[in-house]
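Quick heads-up: structures coming right below.
Next come two complexes built around chain A: one with chain B, the other with chain C.
Moving on, here comes the complex of A and B:
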């Protein structure tokens, strides 16, 4: 028996080691400011779907955590990466709540159900859920109006394009994406009436290979400025390689495509997180859904790339100033859908509720969204 | 459909299919010697991340490729120890390799996510040959790793079916007991080709991160390893048919996005399904044709060889 038993034992040990190694990939970073040691620090935990180094969504949230740590007094923050959706997320959140964290920030829509479940068990702990839409007494869904940055992206793209065809790499036909596509197309049309937006739906949030192919397809189809809803830098790299231009989202993608990159929305969560912490401390916290305008600073445009001319800068800057001042209503009528049906009449506009449920795209968008 | 669009789809399809092709070739070697390696997805990720990271560290993409081959061979060695020496269940160990490869590549690659790679493999047009109409721009204007993949199709085929070591390899996969009796070292043979096979799989991963997308993102293989496993079976363990399957996958994917651009009013979900569907249909038809002639799979596939229990 001994030989067989020994071999079996070794096998089990090696397999266990492999699994432990594999599971050990979620890392933790924690930092404390030791001011007023008399009072217990306010503890904030951030849960990330991806890795901090993604140079996109998670990276920007991590920047927000770092800002909060540096700018709020007597706080202790922790960021946990690569937390899988579902049971894992619930486990991590429960553990954090038991460890005495005061505020738990779940930075993905996919955590919504887990957040609501865990929040019920810990009524004294505050929860925030990024891009979610359901609130509870201690759960606050929050997001910024990303479509405003896509409107400005559209203005930049509409000014830059020579072929009058813009490409858009879309992820899924959900309202949050459709808002952005529409804002992009409307923004481009506002400066260039002849412009059309071709959409390719890749059915993924990130798959650099698929995104690259989608980008190449759009460029082959005549598009000379690319926008993307997906998370990788592949569209920018494809644009750079093919000598066309690109606009981004989430974070500054200039480093990937120094010649191609025009501009793009960059999340700036830090001041918002610091505000929320202050509100909770002062007892003024309201868990109603938060959907902040760009003018609050939650979302900024990346510094212009080299391909943006001074004339373009003037127009985009002016548009942004008008948008911030409330002089531009992006979804003001008349707006028609792809079939030519009037969806928004002249003189009216879309309400926030209608925007949250939007399922049609404006008439200068080409492509089947499959929704 | 215009000529340039046609060319773009075919060329894009080959470039997109070459990582899957390399992985399929590696799996063919492994399965032909009787070891079912389901860990392709994980090993591809190990190859992709090590190629990428070492290219950044050394500023030399060839060293990156070398390390991708070496480290995925090490992954193959781990798998070989588990399945060949310890007689572990190949399916379970393969699944463990997927989890291991995904985890370890995420861990290693974490600081490099989104970093631009300093040196990569761009398309290189081969003089003269690339001037041939249709074939030239489609086949002779690819990245170096794709050329290697295309050449390896014939190298692997020739080796398997026309050389003595290839015959030994196949005999170990068909009937290890007989091979053993004939004096072939079954354990050693299996080790060699499982490791070489893994190295090819890792090379496919490196093609993905260094030539095709030029970025590292965790889990970037996005199911390509599993597609390769399926292609090997449907291709009847034949390298040329694996080439057909892999390229078809790439072409249909490239075609799908272009159909969307042209504005074919088809649900994109359906078009995006085609790359997974069509190669299987085509290879099923192929398999049905060859099935009449001979049974396809290696006889001893998935069966550990234990001399004393013969």
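Moving on, here comes the complex of A and C:
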């Protein structure tokens, strides 16, 4: 007897499903046909390490994707979130290439090896790898000179601090992060010779709880301006809650910390992505590493927060103008590392290659990099 | 499907609500396989229907998304191979959970054992020994087993001698292991010439070979054999019998002279060793280097497999493959246009509903005929 009951139940469920699905088909059919243009659209896929709701790194890339979709003609874009590094990333890129995507943008340094591997199997598909440093015929590493924005962050923090201790929540001891720590410390020192920077490594790009803990421990250690290399807004919220200040990166974090937020770099990937797509279409694409200066507009400073005084604004604006004009060489010698060894002699500076492989921090940075 | 029905021994009360219903609900001693499979399918279907409602509400076509996902994972060679590779460490981890559970132990530390197995195997691979490939792979398998077994053994010692709850020891040890592995990949194991927290790529003679041109690595077959072997060992051998006695009735074990301490240690060594081999296979077969985060949520997923399979060997093989397909499919769903958050919801719904319907399989409904009683 129970068999009959089960059969009845299965029947009901299957019928419900069919009804729901039928309703779904009916409502969707009209939209699918009119997209068939005469020319096949240029398909671009973005792979995100985090979720687009992080309001940070991934969010800004998603803004770039939306810009591209809206401003380039006949393109089709998609963003894939939360793609784990390694086997998963490799599989997702392979599947996208098999799906006929023309350009695959892997927006994390951690995807570099997977990107290079998959790119070898699909020579006709173009790949871009954010913050990477290895190119191939169809792989273009790209990044903006984020350290320039951290130099300006450092100037703002160095002017604002009262304790002369700045806190820095860092993700991993990789060159892209070490450049920023150094630029921040050098920028702060340029306006405030007594300033030191305390660094805490959290070994993650996105973990609001860990970022908040790190922020609190830095504030407990006397820091009154926080900078961060991680992706969430947690450091700003911690600064706001504790009544200290913060400088940001990736996005405009002012909404999370209206009293604490000073300024910070905000990525503006959209126009760059649109340029790349045009170059590929016109056959002018060059896969050589791209490392754009702030002056190209790939990275802008967020509008000043309420805690930035008019005097500070004057100094920071002037510094930015000098930087854009090429009057400031951030990594000009003399620079010493934490042990006091001279790394850059007076009169010389770091080359791009040296910057890409940098593994030491300047002498007013306190804390172990753990590398 | 009508076997072993325990009649309700309680005398029914007169005019009670349950007596007036046209059917009564009775408990089965064992759920039938047919019922388990059917209710699992109903759970999946129901999850898909709920997902479809969300998709419709956001203006997407559920039938297109579902059929595309299914066909891309389970009908293309690449999808099938991806699921097989993803299933490999999963079935070993689930087998580890299963072996421990049969002896009444909760090994919540399979993730740590998996990681140490991966690290130990990577250590062998990075030695770049000048010996034939199969020797290296054999050594890596042994290292993976020993690595995982060592972690489980450490966690089992307090349980065996001091009766400390193994859930606590295995769970907490996971955190130690995760940080230890992070230290290794940031420090001693880090590949030369880069500042990235990962080891150098292994030499190709330490990669598990592909099976023909399928894209599936040999570990898949080895894993299936090992799961069957250890499942058989637990079911049929004296050794397995002793362990099950320890798990089901420790007092009986004591009176019959079965050593509880020895069996707890042994079963945890096997359980951890299996998870460790899973780690070895992931680095040797798929990742080809050591790095953090090679398999996120390993413990949770392995437990899901073991319990969805009702701690049954054949079930572990089937469920690990299907769940791996779901994990692979999660990205495919995004590619065909389903937002990531909704993919997670759907995944959770499917697992939750299957587990929820578990309760139904334990009961049967008996219709009353007329006034026959």
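Definition applied: the second predicted complex is superposed on the first by the 335 of 371 C-alpha atoms of A that agree within 3 Å, B and C clash if a C-alpha of one lies under 4 Å from a C-alpha of the other, contacts with A are read in each partner's own complex, and residues count from 1 in each chain.
What we mean here is this: a residue touches a chain if its C-beta (ideal position, glycine included) is under 8 Å from a C-beta of that chain, and two chains touch if they have at least 3 such contacts.
Predicted model, so just to flag it, every value in this text is computed and none were measured.
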Partner chain in contact with A:280 - chain B first, chain C second, else both or neither: neither
Which superposed partner A:315 touches (first chain B, second chain C, both, neither): neither
Chain B versus chain C as contact partner of A:218, first or second or both or neither: first
First (chain B), second (chain C), both or neither touched by A:203: both
Contacts of A:82 with chain B and chain C, given as first, second, both or neither: both
Chain B versus chain C as contact partner of A:344, first or second or both or neither: neither
Chain B versus chain C as contact partner of A:94, first or second or both or neither: second
Touching partner for A:367 - first (chain B), second (chain C), both, neither: first
First, second, both or neither for A:237, with chain B first and chain C second: first
Chain A positions touched by chain B in one structure and by chain C in the second: 10, 14, 21, 23-25, 27, 51, 81-82, 203, 370
Chain A-facing residues of chain C, complex: 1-2, 35, 38, 42, 45-46, 48-49, 52-53, 55-56, 59-64, 72, 78, 82, 85-86, 182, 186, 190, 195-197, 201, 282, 286-287, 289, 291, 293-294, 296, 328, 331-332, 334-335, 337, 339-341, 364-367
Complex contacts: residues of chain B adjacent to chain A: 4-5, 8, 12, 16, 19, 78, 81-82, 86-88, 92-93, 96-97, 99-100, 102-104, 106-107, 110-116, 122, 208, 212-215, 217-218, 220, 222, 224, 253-254, 257-258, 260-270, 272
Residues of chain A defined as touching chain C within the complex: 1-3, 5-6, 9-10, 13-14, 16-17, 20-21, 23-25, 27-28, 45, 51, 78, 80-88, 91-92, 94-96, 98-99, 109-110, 113, 172-175, 178, 203, 357, 359, 370-371
List of chain A residues in touch with chain B within their complex: 7-8, 10-11, 14-15, 18-19, 21-25, 27, 50-56, 59, 81-82, 167, 198-204, 206-214, 216-218, 220-221, 223, 232-234, 237, 241, 255-256, 366-370
